[in-house]
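Quick heads-up: structures coming right below.
Each of the next two complexes has chain A plus one other chain: chain B in the first, chain C in the second.
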Partner chain A sequence: MNTAKRDWQALLTRHEMLLLYVLIAEWLFFYFAGTTTNRRGVVVGFGTLDRQFDILRHSCEIGLLALALTPVIITAGIDLSVGSLLGLCAILFGQLWHDGGLPIPVAAGLTLALGALAGGLNAALITALRLPPLIVTLGTYSLFRGLAEAITHGSITYTDFPETFLFVGQERWLGLPTQAWIFFVVALAVWLLVHRTTFGRTFRTIGLAPEGARYAGLPVARRLALVYVLAGLIAAIAAIIYTARLGQAKADAGTGYELFAITAVVLGGISIFGGTGSVHGTLLGVAAIAVLKNGLACLPVVMGMNAAEEMSGLLTGALLLLALTASVLPKILSHVRSRPHAPAP
Partner chain B sequence: MSSPLLALSQLTKSFGGARALRGVNFDLQAGEVHALLGENGAGKSTLIKIVTGAHQPDGGTITVAGQIVAGLTPAAAHALGIACIYQQPALFPDLTVAENIALRLEAGSALRRVDWPARRARAHDLLARIGASIAPTAEVRTLSMPEQQLVEIACALGAGARIVIMDEPTASLTHQEQHLLYAVVRDLRAHGVGVIYISHRLEEIFMLADRVTVLRDGQSVGTHPVDTLTEAALIRLMVGREMTQIYPPAESVPGDTLLTVCDVGCAASGVHHVSFDVRAGEIFGLGGLVGAGRTELARVLFGLTPADSGEITLAGRRLSLGSPQEAIAHGLAYVPEDRRRHGVVLDLPIAHNVTMAIHRPLFPTTWLRFGAERSLALEFIRDLAVKCAGPAAPVGSLSGGNQQKVALARWLATKPRLLILDEPTQGVDVGAKGEIHRLIRRLAKEGLAVILISSDLPEVLGMSDRIGVMAGGTLTAILPGHSDAHTVMAAALGTPEKGAA
Partner chain C sequence: MKKLLHLCAAGAVLLASLVTASAADAKLVVAMLPKSKGNAYFISCKAGADKAAKELGVQLLFDGPTDSNAAKQNEIVENWITLGVDVIAVAAENKEGISTALRKAQKQGIKVITYDADAMTDARSFFVNQATPEGIGQGLMDEAARLTGGEGEFAMIVASLTAANQREWQKHIEARLKEKYPKMKLVAVRPCDDLKDKAQSEATAMLSANPNLKLIMAICSPGVPGAAEAVKQAGKTGQVKVMGLGLPNENRRYVKDGVTDSIILWNTGDLGYLTIYAGVALAKDELKKGAKTFKAGSLGTFSIVGDNILLGKPFIFNKANIDLFDF
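On to the complex of A and B.
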């Protein structure tokens, strides 16, 4: 018991280190295999700064959703609705600006409030009615996407956003893609919340022992409500960035993103059973997946492997399973070693 | 003496750097009840795990019926007739008794046809052999804890167990249920089974056991026939020092009335018409049988299941306790019965557990202050003599007694006015038990009002200034602290003799 627990802690720190090695290895591989010079003598592929910025730009939305899910999963919950909510918020934002005639900042502010409200719906169903988060968010997963499609009749796409707004998604500010700054601020805020405040401490306690948290007088229902409201708010931020990057708001925005985000969170070392894990682990998980996806896209340029991009799903899955295996392997090995050899028959 | 059923010689076992066993000798004869005693952390659990094949010893030999056994696995132990009855029965709650027994005992292909009548008949026979009147068709979830233990014993018998290990089998049993279990143990002995009996209840040892082996710090410090020992001698063997008095004497003089409970009830938890008061500096014992409603009453007072009738007054102010947060704000604290699920969070460090109920006062800005937290935890570790690697050690790495001290520290940190202790010494070794008793006395002396719920009758008698006795969800008698066991038991059984109400 004693040593097993300590092993588990050592393992966690090791897990994040392991992930860092994987990320560096991935990056170096693609740097050497995915960079080349074209006929006009220009360096193209993975090794260019543009491509690196592209990776960052494309990771922001899934990264934000992964950040939204981190506190949720630490409380041993789940939110499957964040991808659908991204789509709904994108539509609401487009509609408020285009049909409502509101200035962009006002429309964005209202969208954030609506996102938090949608998260509040999840929170109310989960805390007041004590329904399981998986079922509740499976319901809102369909509900939010369905609402988005109903509003647009499945066909309306909002476009022609002003240049000043597109700057957020397509330009650089202080040397980095503009949305990266928003992502960093949210990441820092979530990191501080989870690792440096009593809120984060309470999330962890709820994830490990929900009844025990109640006996200790912790406000379990309020804290659970907070993580789902926060998830809704961050999904709305992701929706606005998504719209700014593509210059259009469609009902199918962010389809399937929730599963990428959950993959990144689990790859980052957060137990789906709650209580363990870290925000920096989540960020490493997001980076490992983003580099893999984008790196593969660079390979055809070099090796003529057209199927490479299609392999990203396969490799992401393999990476996740390998990382999970590698993190439990030392424990299993030490267990096997501690057994004496069976006596000769 | 014939060759013993089981002989352990110079067993050693280490976990990481910690040496759990450092040369243990033990032997068990057929038809003997051999008690195994020791403080928590003395190595009892490790020893059991080695005998049942769950752990492999680093050194030493295990001899079963004259044959040296190496590389014992759980399956091999089972085949050798070694069975273990744990405190918490490990049965499948949704299956019937007969199905649970069949799972352990029936061999054969997964695709064979099930002979239901034979399966039920076998369960019936086995249960009859130990004198249990349990229907083989009953779902295990409908059985009480002792009934489940009887099913476990029936499984062991059915598997032809020659060596039965019982790990604190009576810890959660009521008085009558305990006596039923004693009869079963005696019956096993009469049938030539060797029983290794582990318990913290000394009176049981004297009643049941033939011999006693005491473990201390991973070594056996002696094996003695029970009739050559006294209780004091046994405690001395366990803790390595003489304990002159098991219960510390009362030093405090109770002050003004702090808590008044008037006709309180909670329909949802079966508590009704409870009235009593507790004074500052007083230890108010709450006795009664398991299921009498004592824990339920504590949960009502702490706001976990709020009262729906009656009045609760604290220091002259009428309270409405709708949640634990409100109870804590008024200076109430509750150390719950189920330590591992409610009392502490095993996976979190000691420091996090200690500060869990004082987030707001200790971290007023919601930012964690790790330095303040650490020094507070260190203070309690020193004050309560918690044996641990440091404030960052997870509570799950501590022994039961030390876990309980952490649970206490969490509530002492709230600087409460009223402390409700629910079975504070259950599953705690003798040494830590004495420390907890002295601590309760000290707190009362400092003016804290204490409600002490305990199923350990001598503890209630030895510690309380007054004793409330519960039966059927209500308080049936309030007795003076110097009452004798007979009076309290009579009140608990619902035949109250006139008490000073």
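On to the complex of A and C.
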């Protein structure tokens, strides 16, 4: 039992190490291929500090959603509604501030509460009615986006936010993009929860064997509920950061973000069937996708290649499939190696 | 494990050195942002822009959202800022939203010009105005009145209720309606999000909700063929007229079938061409604030009113002349 456990952990470490190598290779490639000196003699492209900060800035929202999804997926659940909830929260925040006349901090606080409440709706449907998370959040995925569109009639855009608020999304604080600090704090909190508390460790137990956990006396429903409420809360944080970065709140905010976040989580080595995975894996997954996407966007100027958007989708998919194949390869190999002893048919 | 790491790094460096060899020529870089990349209107703008870029010997980057997505436009502009392009030419989806990013670009010494749909005036140097909103609004309304004999109900399909140029055109259409055609009545205005199938379903809904409808006017390019398809499928060809702003190629079939009566537009290729010429002239300091005219290559001289470079009068395409144009 003990060795089996150690093997399992070794595999996990291996996946994350593999991802780290991929990240380093990507970074080096773009550093050399995506940097150039422009007509005015200024170094531009991937190899500039501004660019690195941009990568960090642009990964905060998807990174937050990936963090929100990490505990969810570890418990063998899924939350497809986080991207739509980001949109809804952005609209609610804009409305509370613009139409409600509330000061920004109060509007932000209320938005976080509403995000948690929306997560609570997912939690209630999943735990009380015992509906599958995929179905419930598929429903709220449409519901939240639909609400955001209904509130704004699909046409209102909230803009003209005060400078002090835009500071959160567009400026730097203590050397880093302001929102990166928020992202790091949330990442640390989720990491501590998942890896350093007994409470968080039960997520894995629930993911591996929910019935077993129930018989062992764990309050499975309550733990699951917490995970979805947390996801709603983090989606609301992402919504506020998104609004501050773009200086506008519109009903289409965060469309499709949930899929990027799920990709990052799975790339980070978390099994979609639950029970395994780590927060640092998720962070590496987010970084690998962000560097790829942002690096590709540098290539048009440097290489005259004009299809960054299309390429990034293609390569993200390829990267995910490669990483998944690489992570199950040792298992398959050991399986094949143990087979020659079986009698030939 | 360490070996693998070295291998990865070596591979990356090798690949990178292969591609850098072909890079780094010091051409002026002009980045052009459409409202949406796949829209035929902007593709035809690009054709003119490509021609201008070739004549001027500059590198043209053309990128935009795949749908009309204001947030995505900001991200693309931010990317261009860190890439240090020389000129950014923008058709703004959201006037206020994009201006934050454009002001940032100007601070970094990048020249900003807008075309098709303007941003806030302090966020760009010039706006290449395809036609004055007044000219377009009046042209559309006059043509609609001519087609209906100046009386009866009509409805409008717009791209979105927020896009600045759409709102502006609508304002002038309504002003002209009030002033000159008291017997006509505007019964509905619906957005189609720049999508043909959405326009079609909106038009179908309009037809069933308003049995006395005499004409549908679409002021976004996917809207006209969308409305025409709806009228055709409803079997109301000739009974409900279709007209609006659009591209000849997208509407050719419907114009020839007699479903669509007139298409009103400017020459979009010329719009792209003029935009690039003006942008490059800005970057080379040849076009300055207060200029009254501007000469753009083979197209000749254009007049400038304030900070608007004017492309000219709108043009009406119909059954008689549509085959003379291919864009």
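Things to note:
The rule we apply is simple: the second predicted complex is superposed on the first by the 328 of 345 C-alpha atoms of A that agree within 3 Å, B and C clash if a C-alpha of one lies under 4 Å from a C-alpha of the other, contacts with A are read in each partner's own complex, and residues count from 1 in each chain.
Quick note on the criterion: a residue touches a chain if its C-beta (ideal position, glycine included) is under 8 Å from a C-beta of that chain, and two chains touch if they have at least 3 such contacts.
On a predicted model such as this, the values are computed, not experimentally measured, just so you know.
Of the two partner chains, chain C is the only one that A:V44 touches; chain B does not reach it. In the superposition on chain A, A:V72 contacts neither chain B nor chain C. Legend: residue contacts after superposition of the two complexes on their common chain; A:T159 is shown touching chain C, with no touch to chain B. In the superposition on chain A, contact of A:L226 is made with neither chain B nor chain C. By the touch criterion stated above, A:Q248 is placed in contact with chain C alone, chain B being left untouched. When the two complexes are overlaid on their common chain A, residue A:T36 makes contact with chain C while staying clear of chain B. Residue by residue along chain A, chain B and chain C are tallied for touches, and C comes out ahead. The residues of chain A lying in touch with chain C in their complex are 17, 21-22, 24-26, 28-33, 36-40, 42, 44-45, 48, 50-51, 54, 58, 153-157, 159-160, 166, 170, 246-248, 250, 252-253, 255, 294, 297-298, 300-304, 306, 308-309.
Against chain A, in their complex, chain C makes its touches with residues 1, 4-5, 8-9, 11-13, 15-17, 19-20, 22-24, 26-29, 59, 61-63, 66, 69-71, 74-75, 78-79, 82-86, 94, 96-97, 100, 104, 109, 160-162, 191.
Those residues of chain A lying in contact with chain B across their complex are 1-3, 5-6, 9, 196-199, 201-202, 204-205, 208-209, 211-219, 275-276, 338-343. Residues 15-16, 18, 56, 70-71, 304, 323-325, 327-328, 334, 336, 341-348, 352, 356-357, 359-360, 363, 366-368, 394, 396-397, 410 of chain B touch chain A in their complex.
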